[in-house]
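All remarks here apply to the structure that follows.
Note that the chains take the letters A, B, C, D and E in the order they are written out, and that residue 1 is the start of every chain.
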Amino acid sequence: MTAEQVVFVLAAVVTLGSALGMVTTRSVFVGALWMIAVFGGVAALFILLGAGFLGIVQILVYIGAIAVLILFAIMLTPRVMGDPNAPRYNRQWPLVAVMASALASLLVALVLRTDWPLAQEGAPTITGFAVELGKGFMTTYILPFEVASVLLLVALIGAIVIAREE
Amino acid sequence: METLLSLTPLVPLFPLLAFLAIVLVLNPNKRLSAAVAIGAVGLSWLLGWAIFFSSIGAGLGEQPFVVELPWMPTGRRLFVMSVMLDPLGAIMLFMVPFVALLIFIYSVGYHNLGQPNVEPRFSRFFAYISLFAAGMLALVVSGNMLLFFIAWEIMGLCSYLLIGFWFYKPSAANAAKKAFLTTRVGDVLLFVGLVLLYSFTGSLNLYEVLSPENIEFMKESSISVAGLFTLPALPTIALLIFGGAVGKSAQFPLHVWLPDAMEGPTPVSAMIHAATMVAAGVFLVARMLPLFEPIEGSWWLGVVALIGAFTAVFAASIAVAQNDIKRVLAYSTISQLGYMIAALGIGGFIAGVFHMLTHAFFKALLFLGSGSVIHGMEHGVHHVEEHGHGEGHGHVDPQDMWNMGNLRRHMPTTFWTYVVGAFALAGVPLVTAGFWSKDEILAEAFEKWTHKGVVSIPFVVWLLLTVGAALTAFYMGRQLGLVFGGRERTEAARHAHESPRSMTVPLMILALFAIGFGWVNIPKNVPLVGNGWLYTFLAETHINVLHEPYEKVPFVFSVAAFSSILALGGLALGWWLYRDVTGDATVSPFERDPVARAFARIPLVGRPLWLLLENKYYVDEIYGVLVVRPVLALSAFLNSFDDRWIIDPLVDGVGKAARGLSAVGRWIDTYIVDGIVNYIGYILDELARGLRLIQTGRLPNYLAILVAGVLALVGLMLR
Amino acid sequence: MSSVPLSWYLIVAALLFSIGAYGALARRNAIGILMGIELMLNAVNINLVAFWRYIEVTGLAGQLFAVIVITVAAAEAAVALALILAIYRTRDTVNVEEIDLLKW
Amino acid sequence: MKPYAVIGAFLVIGLLLPLMTVMAATLLSPRKPNPIKQDIYECGLKTVGETWVQFKVQYYIYALIFVVFDIEVVFLYPWAVAYNQLGLFALVEMLIFAGILLAGLLYAWRKGALSWV
Amino acid sequence: MEALDRIFIRIGEAFSTFLAQYLPAPVVTVIGMFLSAIIISTFAALTFMLLTWLERKFVGRMQDRIGPNRVGPFGLLQPIADAIKMFTKELITPAGAHKVVYNLAPILVVAPSLMIFAVIPFGRDMVAADLDVGVLYLIALSSATEVAILMAGWASRNKFSLLGAMRAVAQMLSYEVPLVLILLTLVLMAGSMRLTDLVAVQGVPFAFLQPVAFVIFIVAAAAELNRTPFDIPEAESELVAGYHTEYGGMKFGLFMMAEFIAAFGMAALVTTVFLGGWRPWLIPLPSWLWFLIKTYLVLFVFIWFRGTFPRLRIDQLQAFCWKFLVPVTLLNVIVTGVVVTFVPLVRNGEVVVRGIGGWATVTVVYFAVNVVFALVVAWLYRRPTLQAVQQIQVGQPAGRGLSREVQTA
């Protein structure tokens, strides 16, 4: 086991274990905390893959923004949050459990059976990804860049209109 | 000149900008909105004509003009939007913006701008119709399937918005939904076809996709459907794409939306029926013709031909028995589209395109003319209701032809232009555009069957189309007689008066083209006037696309003479029979309509046969039973559906089935045909009940079904 | 190149995706469903970045696409939670089994 | 990779240091629990009503606007870093981007979404 | 001088060469990393103790008191006495609390504030992790703190805790936006998110090039730290003690520690990005000493704030952020974008300003633009600001916020 493998296994265990914790815990709030741990684990995987920028962005956006948003939403629905005896799952959960395990096994089989066209050993990699990303946003990917701003504007306006109390 | 061609991408841009400007900024000001919309389409028209005229002799058939715009990079591939101009596109640029411009101008008068009863959502109308024009123009100049499909869908959306423009009328709202959903069936087929085409050829570029190598490759390939069975690639793709055309160009069996589409404002009907929407389907088939191997004549090309020819006669026979002035025209449109499709189906590329162009002019003319008639009649109705000298008739339908009569005296301009349009549609020989284009199709079919013998598709096509030609002439004569001939049958007709200038001037211009445009392709062997110009112009495309010179069809005198006799005879008969009929819309058809009376004389089958025609072969009702009712019943059923998933539907189903059976017994006694159809529908209805169980309205259930689909997909990938 | 093979990452992503799907499908609480969906999106991102690292390392697309996915996820969460809050206000529940108006 | 390893070390130490402090405190401190001591603190009175009270939706709205700005950061920082290697075009692009952002903020402002009451 | 400047680096090098004799190289690297983490964390913890003393002493002076003066000379040993008290106090877990989350929260709240120092350059070449996305990393850390605070508030099962946590997080979220936008401005000027690069570019401290941003940053930083006058989350008169109401003994101590270390980290950040970091000002002292001097200067300003300003009300606080700070900083980004195009500091990754003349020009231009910008902003906001000021002067007592915030369900 190299150091990289050790770190990978740690991150993977944290990620998957927290994910299981998230779907099995009864309290939504605690589930959200597990979800945050998943996000952290995924960020570690990103960093391990050499995508440091994305790892930081993952923490920034997912933990700092989305998770906090979800936690706020949980706080704002106290009658649900406060009911300790509310069942976790809906009626179809056994069926779904079977389906999810089937999906997992099929996907894993698919991953193992596919012959991935791996890049050449020692192919040049991107250094200073943020800079490249900035250049990319101003050239090839200008449309996604601007569309993203429009998307966020739409989400902002839509969410404000929906969420506000009149 | 090169620079002029390079302006091609701008043609659809002007109306698009007009749309944005009106929607975002201008809409409070009606007059300005209309001015901007008309100005924009006017610019498109000027540019379109400039491009068209400069493209003559520019060798575009050999080397189409192409502009590529990178659109979306996805992984290693870059999707490109491309604009292409070849002779087929250029000739469309001659027709589309011009007709659109006239319709725009006409709309100003139609919506009573400057009068107290002006349409309240006037600006919105111009916004929609500008977008519609932009969609059609983009479609015409598109050089790849991506832009083509986007434009195609924009038109689908616009037709929905425009047909349902008066959405507060339930009929209009329903018609809009119907048009959208019916064409959607075709659109899905088209989309699947395009995706398959892309997966086989790896390109979206029209010319690349249709290269002989690709055609050959697809001919040898087959498509495996989920590993269950295989389909030959080329016919499957070709027919899927043809499915799109069937939906858009209202061919049987997806024609049902088009007659209802007249619920929208009349300019919209003209736009849909003449210049844009329906032409798009024909244009699509013409563009994709190589897929059908027209030179060799494949079986799937035969399917195209037969559907076209059948639709032509089918719709024409319905038109004979209609009473609504626009409905007659709507079915005539379906019929004429059948001509075009049939022409393409027997390999008559130029004949089909030629008929599409001439038809655009005279059908726009007829629709706008009918709009003018209705406008005049509405005035009459209004007048009568206001001054109270109606004879207790109640409300008079201004669209029913039986309420009209003698309008030639009250609306002379409309009358004369309408006559021109009707003559062109009927194919009055030598003068009108319709004659030359229709004759081209018939001659093409005639040529083909004389080579192949009587037991061949071209013969069937020729036979059906000739019958259709006779019917066409007859119902147009009937319409002229009912609307313009004889005496006024209602008080309203007596008070009808001519429409404003902005409506009649476009009519006159269109009338000029309904006559003159036929002259651009008079076959060369006609003495004195023969030129075959369009043929020369389009033949380049033909060679480039089909890699085979276009087989020249000479003018066949006997065919022309025969169809001329039919046309004149039909017109005369129609006019003569219906000129002096009496009895308005309130009278039963078997008392007022000479043809219906003739039908009624045939024992037993006569009356039902006429009713069959009048009710459009009950296609709507059949669809209602087969498709619409199950869907509606679904929601009704769910209304009562609670947690008892099994027992409730079971009990319910048994009871319903028993009642259904007894109902069947009753029906057999009365309406045999109708009963069987209903019964089949009922069976399906009951079967659908099982499927309805999955419609619980609960998100997790739907998601679970979705994941099941994903599972199936992954499983397939693992195979 | 790296001592961890590509398939390890893909397997982690596949498992995470399946767990997320289970959460999204089995939870009664609408917020729980949303959380499951976020997990699934994260699994997709792992795949994107892993493919970038092992297959297309010179290009931007893999990571850039992940950034876009994150953006879309945030927009989605914002609107979805707003909807959930609106439903909570009017119907006093966020239980998806009680929210079945979709069938109308 | 190296800086991230250092950060990993900081994370470990950052968690261990307070953990050890709490453990040391647990060892050093007395432990005499009783129900009143463990009761919820409410200025010496018995707790009134539910603990999880209904909050204003305004909290969510602020978090929402924050989320939008947070995502914009992901797009704007790469732009800022690359800016000295790009031309005026990048400025125009950013002006459009920031303009849309500002439009959203102004919309929220006009809607009164930024006001607490 | 040179030797003194690099003394810590020398010691580290000597230590690792010593270890390398007995251990393989990777192990030495790992030990080195952990050792740097331990040393810096310990240093931060000691600073926390010093800071508690400093704050009490300074605020005492400002309020015409003496402050701690019993334990040790000038009361210097007071923090140690406090520490002993905290260690020996009973750790209570309230009956209704969620045990795991309740006990995890104080630990998780400390970690991010310690992790700030991983990327701060304490002196020339003295940075533990020279991260290329350092600024983003710091922003990401503050979001981790928010989650820990929410955990504390939720798990205590006390309505004051929950309310305090919600307020604290809402406030931190809001004030993060202007902070991030100002950092964006600076990154735009420096062309890098690496904190060492940011220091290297500052031939003239950015505080002179961006005075408006500097002032706003200090204000927003105080709010981000939940310090007076922005200490609404733990307003004693309304919310007992905010999100850590239910915490006692060392657990409470950890919250205090996190708060003070975060303040120290924020001051270090201000120093790094605005005051030229470790770069000496005129007097040649070791770089790390200069860094500490500047940081304590900033910390003094924070303490000064606390001794001077009254607390805001929550609606005023949020309005101030969203209606004033955010638009102004966003506009500042745009203005700076334009200025940077014409008077760049960096081009293609190289500093292009040369010599005293060059720096003087740059300073004058940026300062002038800032003055104009400030005037324009003042003009834009002339009435609303006046109203806001009036509200603060004649407004209702701060306690009114609570009743408005909690709705009758």
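Just so we're on the same page, a contact is a pair of C-beta atoms (placed from the backbone, for glycine too) under 8 Å apart; a residue touches a chain by one contact, two chains touch by 3 or more.
Worth saying up front: this structure is predicted, and the values here are computed from it rather than measured.
Between chain C and chain D, the least number of touching-chain steps is 1.
Distance from per-chain Cα centroids to the pooled protein Cα centroid is smallest for C. When each chain is reduced to the average of its Cα atoms, E sits farthest from chain B. For chain pairs A-E and D-E, the one joined by more C-beta pairs in contact is D-E. Chain C has its Cα centroid 44 Å from the Cα centroid of chain B. Centres computed as Cα averages put chain A at a distance of 6 Å from chain C.
A separation of 17 Å divides the Cα centre of chain A from that of chain D. The geometric centre of chain C is 33 Å away from that of chain E, both derived from CA atoms.
Residue positions of chain E with contacts to 2 or more other chains are 131-132, 136-137, 139, 162, 166, 173, 193, 409.
Listed for chain A are residues 50, 52-53, 57, 60-61, 64-66, 68-69, 72-73, 75-76, 78, 90, 92, 96, 99-100, 103, 107, 110, 130, 132-133, 140-141, 148, 152, 155-156, 159-160, 163, 165, each touching two or more other chains. Taken residue by residue, chain C touches two or more other chains at 21, 25-27, 56, 67, 70-71, 74-75, 77-78, 81-82, 85, 96-97, whereas all remaining positions touch fewer.
The set of touching chain pairs reads A-B, A-C, A-D, A-E, B-C, C-D, D-E, using the touch definition from the header. Taken in their complex, chain E has these residues touching chain A: 26, 98, 101, 131-133, 136-137, 139-140, 142-144, 146-147, 150-151, 154, 162, 166, 169, 173, 193, 409.
For chain D in complex with chain C, the touching residues are 57, 60, 64, 67-68, 70-71, 74-75. In the complex of the two chains, the chain B residues touching chain C come out as 73-76, 635, 638, 641, 695-700, 702-704, 707. The residues of chain D lying in touch with chain E in their complex are 2-7, 9-15, 17-19, 21-22, 24-26, 28-33, 35, 37-43, 47, 49-56, 59, 62-63, 65-66, 69-70, 73, 76-77, 80-81, 83-85, 88, 91, 94-95, 98, 101-102, 105, 108-109, 114-117. Remark: chain C residues 1-4, 6-12, 14-23, 25-29, 31-32, 34-36, 38-39, 42, 45-46, 49-50, 52-58, 60, 63-64, 66-68, 70-79, 81-86, 88-89, 92-97 touch chain A in the complex.
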